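Alright, structures below, take your time with them.
First chain A sits with chain B, and in the next complex the same chain sits with chain C.
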Partner chain A sequence: MQQKNIFSTSMIHLFFWLFTIVSLIPFALIFMVSITDEDSIAMNGYSLFPSKISFAAYTFLFNDFSEIAKAYGVTMITTVIGTAVSLLITALFAYPLSRSGLPFRRTLSFYIFFTMLFSGGMVPWYMTYVNMFDMKNTLLSMIIPNLLLSAFNVLLMRSFFANSIPESVVESATIDGASEIMIFFKIVVPLSLPIMATIGLFNTLSYWNDWYNCMLFIDKPELYNIQYLMTKTLTNIQYLIMKSSSSAQAGDLLAKMPRETVRMALAIVGIAPLLFAYPFFQKYYISGITSGAVKG
Partner chain B sequence: MKKSFKIAMLTMLVSMIALAGCGAKGTDEQAAAGGKSEDGKLKPYKITLVYPGTAQKDLAVVQEEMSKYLTEKINATIELKPIEWGSWDDKTNLMKISNEPFDLMFTASWYYYPRDAAKGQYLELDDLMNQYGKDIPDVLGPDFIKGSRIGGKLYALPTKKEFGQGFGLLLSKKLVDKYKFDVNGVKSIEDVEKMLGTIKANEPGVTPIISRKFTNVWEAANYDNIIAHIAVARGSKEIKAIDKLEDPKYIDFYKRMNVWYKNGWFDKDILTSDTDQAMNMIKAGKGFAVASSLKPGKDKEMSLTSGTEVVQMETAGPFTTTGDAQGAMLGISRTSEDPARAMMFLNLLYTDKKLLNMLDWGVEGKHYVKKSENVIDYPEGVTADTQAYPSPGGWMFGNQFNSFLWANEDPQKWEQFQKFNDSAERSIILGFAFNQEPVKAEMAAIENVNKEFEASLGTGAVDAEKTIAKWKEKRDAAGFDKVKAEVDKQLQEWAAAQK
Partner chain C sequence: MKAAETAPLLNKSAHQAVAKKQGHFIRSLKKYKWLLLMTLPGVVYLFINNYIPMYGVILAFKNLNYAKGIWGSDWVGLDNFKFLFNSDTAYVITRNTFLYNFAFIILNLVLALFVALTINEIKDKVISRFYQSTFLLPHIISMVVVAYLVYSFLNAESGLVNRLLVKWFHVDPISWYSEAGYWPYILIIVNAWKNVGYLSIIYFASIIGIDKEFYEAATIDGASKWKQMTRITLPLIAPIITTMTLLSVSGILRSDFGLFYQVPMNTGALIPTTNTIDTFVYRAMISSGDIGMSAAAGFYQSAACFVLILVANAAVRRVNKQDALF
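Then we have the complex of A and B:
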């Protein structure tokens, strides 16, 4: 029995070790390419063990760091504000929906559900934000459109409130004389940390990774966010490759694009902070899962 | 449920009304402001120029300097609005649909010019040009303007630059010197074969020719391609579209490519390798040749950007098609609030050296210093990597022949361009542009079929006759006949309008 246990444990460990390595290799490769000498890539292609190491790509990037620093600033501001506001709105919408006493509860549920099935379409959507709300070239355009409130998150949170917060907890608080606001902030929110952390992580990721809004709404380079800064380099290259057979100029432009190593260095600069943010959320994940049980 | 449905409908209705109101307001404003310019004195106006490219660090500086100069000339200021290449489609489509006001936009035959012109995105320019752009026809010459017309109407003005394409190969200078290859004059395909054979025999480890670009270049050199491998043969005396897949010359060429492949002359990545990769291989001493469209000084340009020396060798004389005339243009948007002023600005781009060079190279003393009348260089301490205003690309704007030359460029560049332009053979259908809209659905299907066969045929790895026969079969099933009929129809209409 003991024997078998050790065997299966070591197999499980082995599997996860392999899985971790397979997941890490692409990152390692990107990093190694970013510090490889450009000529050595031309000669030998990508390699985890480059024949010649050079930090030229980073020197090139940090030579003018203001662009990257600004982009970081934009991403951080939108991510922090966006996540906080989005979480608050989502929770404030989802919680009443989970309570049976709410008037028009089904209508409101249907109303949010409806947006999951149908949308106004790209052009009206764009016109609403640009022509009506005049959000072009503002930070708001990277916070509100598409990202601020996700119907899916609301429904997810509603189910969590409905299933994991027993009516009796709310009732007992009411008997103790707590107002609705107090019940929500003092009792429901602390009991819902797991879902808050989950939705918070969803939001952080979608704000951090968003480049689409930036692409559509932002013309001013000082308002570019970090993801768009990276995406644009790659999409520019792809686009020019596509067009290079029909225009000689596209081919010429292609030759002037950042070199291989610079692209990889940019990717490293872009993902690094998020890697550090993960462990932070993980803490809440675990504490969320272990707490929150109701006795009786 | 019934109640909720009602509420949902109501919300939709309300938002629809709100949107409709907003859209209508936008168009009213334009109609009121459009096209007015006072007699005598011009009102101050901001011209918006939209073009593909990455915004430079010093864009604002250059913009301000240009605005100062323009205020003196036509009492206008300018807003430069570069849009990333990769975002161009999404962004400009929304700008056009949502009636966003802007004045000038970059366009080209390979960049939606025929489609946008058909949709009415650009204003018709003949009257405006006669009134406010009198100098432009003289600068461009009749052929350029003729080539820019769609259905007899001018919707955008082309940049004056190389008018035609040369075709040939870029060769590693090191190996050319070693084997004393003669690269002057126009070489036949047999001459090329001799060179590649020599390299294969004597230089183990060197790939004689990289990427399947050679087939692209050959096709462009021998046909004026309309669409879906329907083309007019170069040198044809009559306006008649042929199907390339049925042309014996075409089949013979691909048979030859099959031989090349069997000789092991191509690289092993031929399916995906591009010019960039080829230049890298040449740089690493692992490659000899890559096909390319040529213009005077192309080899010098490529040597500079890639860091390895190459020489160019022509395999066909220069050829001018509609695509070259419409290779880079500026159109005036229908949403422009003052098209007349936009045309005045265009007129300056073709005639005013100072303005054009500001747009192309930035501010003198800050972004470049003058070495002599027409030759410039980086200011001290500035390099290609640290410059604050890398050129947006002089080929997009006005009269490139007025643009300054860099110290490392051939000082005779524009004279050579002029010679090249004069010597290029004009296609018999110069000025014809095919409008895809009527056969859009068929084209999508055909395009898929083409993708499948073009690649394998281009690598030379397959038997030409069999593959082409199979290709034809699949393509006919995708609706090729309808496309061919549409081409014939449009071509006939165009030919009739030429008389």
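Then we have the complex of A and C:
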């Protein structure tokens, strides 16, 4: 019996080690490619164990970092503003819905829920923003459309408020003469930091990872965010050079560019912040998913 | 006579009741006016982002003329739909979307349940956490990054897969990005790689929620681990399995745009097996400028999804009312 237990336990760990390797190996591969010597790739292809290591790709990228820095700037601005505004609107919407006496409570809940059931589709949605609100080529187009408020997050937050803010606390504050707005900012928000952190994290990730809005609404390269710059560069590695240099310079640079490795180095530069931050926020991310699951 | 006398009386009391109710309603409006005002930004946002586009589905029945605008364009009845359904495209994109999702739902469910049940057997919290956070990593990255990762494996000249094929199996390298036939398998694997970890954490969370006493009692009765899994764990997490599966089934005609657009790198040769309703709608609108057709396909998708979610929900309600979404 004891022997059988040890056997099954080690099988379980073996399985999870394999799963871990499968999850991580693609990241390891692009990292190794990015530090491989370009000639060694031409000879041996991509490898997890490069025969010759070189940082030429990174030197090349950091030589003219303006393009990447600009894209990072766009990503950061939209992520910071988007996350903050989104969190505020979500909480402002969710809190009243958690109060049982609210008039039109059912109507408002249905108003949110219905957006999860039916959508007008991409074309009218796109037209609304481009024709009615003239959002093409603006930073707003990477903040507002679709990303600003998620019905699912509102419902998640509503159930948190309903379960964790005791009505008696609100009532006694009202008797003490606090206004609803004061109660919200001074009592409800401080009591709800866990859910704020969770939804804030979800928002941050969806803004940071967004390329869809950028692809749809942005034509001007100076407004590309990092994800979309990566998209452009994946299909066409020359893209990085064409945009930033004059044609005479470009020809020269193109000839010298370690293409394969630069592509992967850009990928590493693009995902590095997320990978570095992940160990610190994974705990909150997991508990966020979990709380969503339990409330169902 | 009596009836005539009582009627106005009744009426009066009814009036009073209504007036009282109105008074109550107005008082509660006053009491909650700030709270109602707080919902305003969200209400306005959803109106712009969701409800105006819902009204915009009329585009599918129009021939868009930019000079006349959306509202002024001429009605063309069902012409856009006729074009769409007379070509092969409607069939191909529906089939692709449906079959991909079908494969995703089954494979991801089986793998995620397996992972969740297995990780539940690990008693060391620290190690369990470590496994969870590593296999969740693929879920937080964008599809652009996934496209890079896939490219590093499948790139024809130097990709890892071709290199290993040549070195170990002495097979000719395969030009992955021009052979559509392989892509259903590739995309199913990529999707599982990205999402199984996430799903398994959801299932694992509901497994942890099960009362430990069930297992203690079962162990005393001599039930094996396998018996405990199939007789206790699975039945008890059935509601969450049902809800999650219901959600995916109702979205069976929606596809993950990034997966089907970014990962095949928008390659023309791969379109026959990677085109789904969503990529079709996008390409029809952006690349070919065929707004009518694109809107028609989008409307067809939304309407079908709406019906599907109602049907799926009704089906679950029938089996078990508590598990229904609404």
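Keep this in mind: the second predicted complex is superposed on the first by the 224 of 296 C-alpha atoms of A that agree within 3 Å, B and C clash if a C-alpha of one lies under 4 Å from a C-alpha of the other, contacts with A are read in each partner's own complex, and residues count from 1 in each chain.
Going forward, a residue touches a chain if its C-beta (ideal position, glycine included) is under 8 Å from a C-beta of that chain, and two chains touch if they have at least 3 such contacts.
Just so it is clear, the structure is predicted and the values come from calculations on it, not from any experiment.
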item: First, second, both or neither for A:53, with chain B first and chain C second; value: neither
item: Partner chain in contact with A:130 - chain B first, chain C second, else both or neither; value: first
item: Chain B or chain C, by number of chain A residues touched; value: C
item: Which superposed partner A:19 touches (first chain B, second chain C, both, neither); value: second
item: First (chain B), second (chain C), both or neither touched by A:221; value: first
item: First (chain B), second (chain C), both or neither touched by A:27; value: second
item: Partner chain(s) touched by A:240 [first = chain B, second = chain C, both, neither]; value: first
item: First (chain B), second (chain C), both or neither touched by A:106; value: first
item: Which superposed partner A:272 touches (first chain B, second chain C, both, neither); value: neither
item: First (chain B), second (chain C), both or neither touched by A:120; value: both
item: Chain A residues contacted in one complex by chain B, in the other by chain C; value: 41-42, 111, 120, 122-124, 126-128, 131-132, 216, 231, 234-235
item: Chain A to chain B touching residues, read off their complex; value: 39, 41-43, 60, 63-64, 67, 106-107, 110-111, 114, 120, 122-124, 126-128, 130-132, 215-216, 219-221, 231-232, 234-241, 243-256
item: Complex interface listing, chain A residues touching chain C; value: 8-9, 12-13, 15-16, 19-20, 22-24, 26-27, 29-30, 33, 41-42, 44-48, 89-90, 92-93, 95-97, 99, 101-104, 108, 111-113, 115, 117-128, 131-133, 144-146, 148-149, 151, 154, 179-181, 184, 205, 208-212, 216, 227-228, 230-231, 234-235, 260, 263-264, 267, 270-271, 274, 278-279, 282-283, 285-286, 289-290, 292-294, 296
item: Residues of chain C that touch chain A when the two form their complex; value: 25, 28-29, 31-32, 34-36, 38-39, 41-43, 45-46, 48-57, 59, 69-70, 115, 118-119, 121-122, 127, 129, 131-138, 140-145, 147-153, 155, 157-160, 162-163, 193, 197-198, 201-202, 205-206, 209, 225, 239-240, 243, 257-258, 262, 265-266, 278, 281-282, 285-286, 291, 294-295, 298-299, 301-302, 305-306, 309, 326
item: Interfacial residue positions of chain B with respect to chain A in the complex; value: 1, 3-4, 7-8, 11, 15, 18-19, 22-23, 26, 54-55, 57, 59, 81, 83-88, 90-91, 94, 97-98, 100, 108-111, 165, 216, 274-276, 279-281, 283-284, 286, 292-293, 295, 301-302, 305-306, 323, 327-328, 385-386, 390, 393, 395
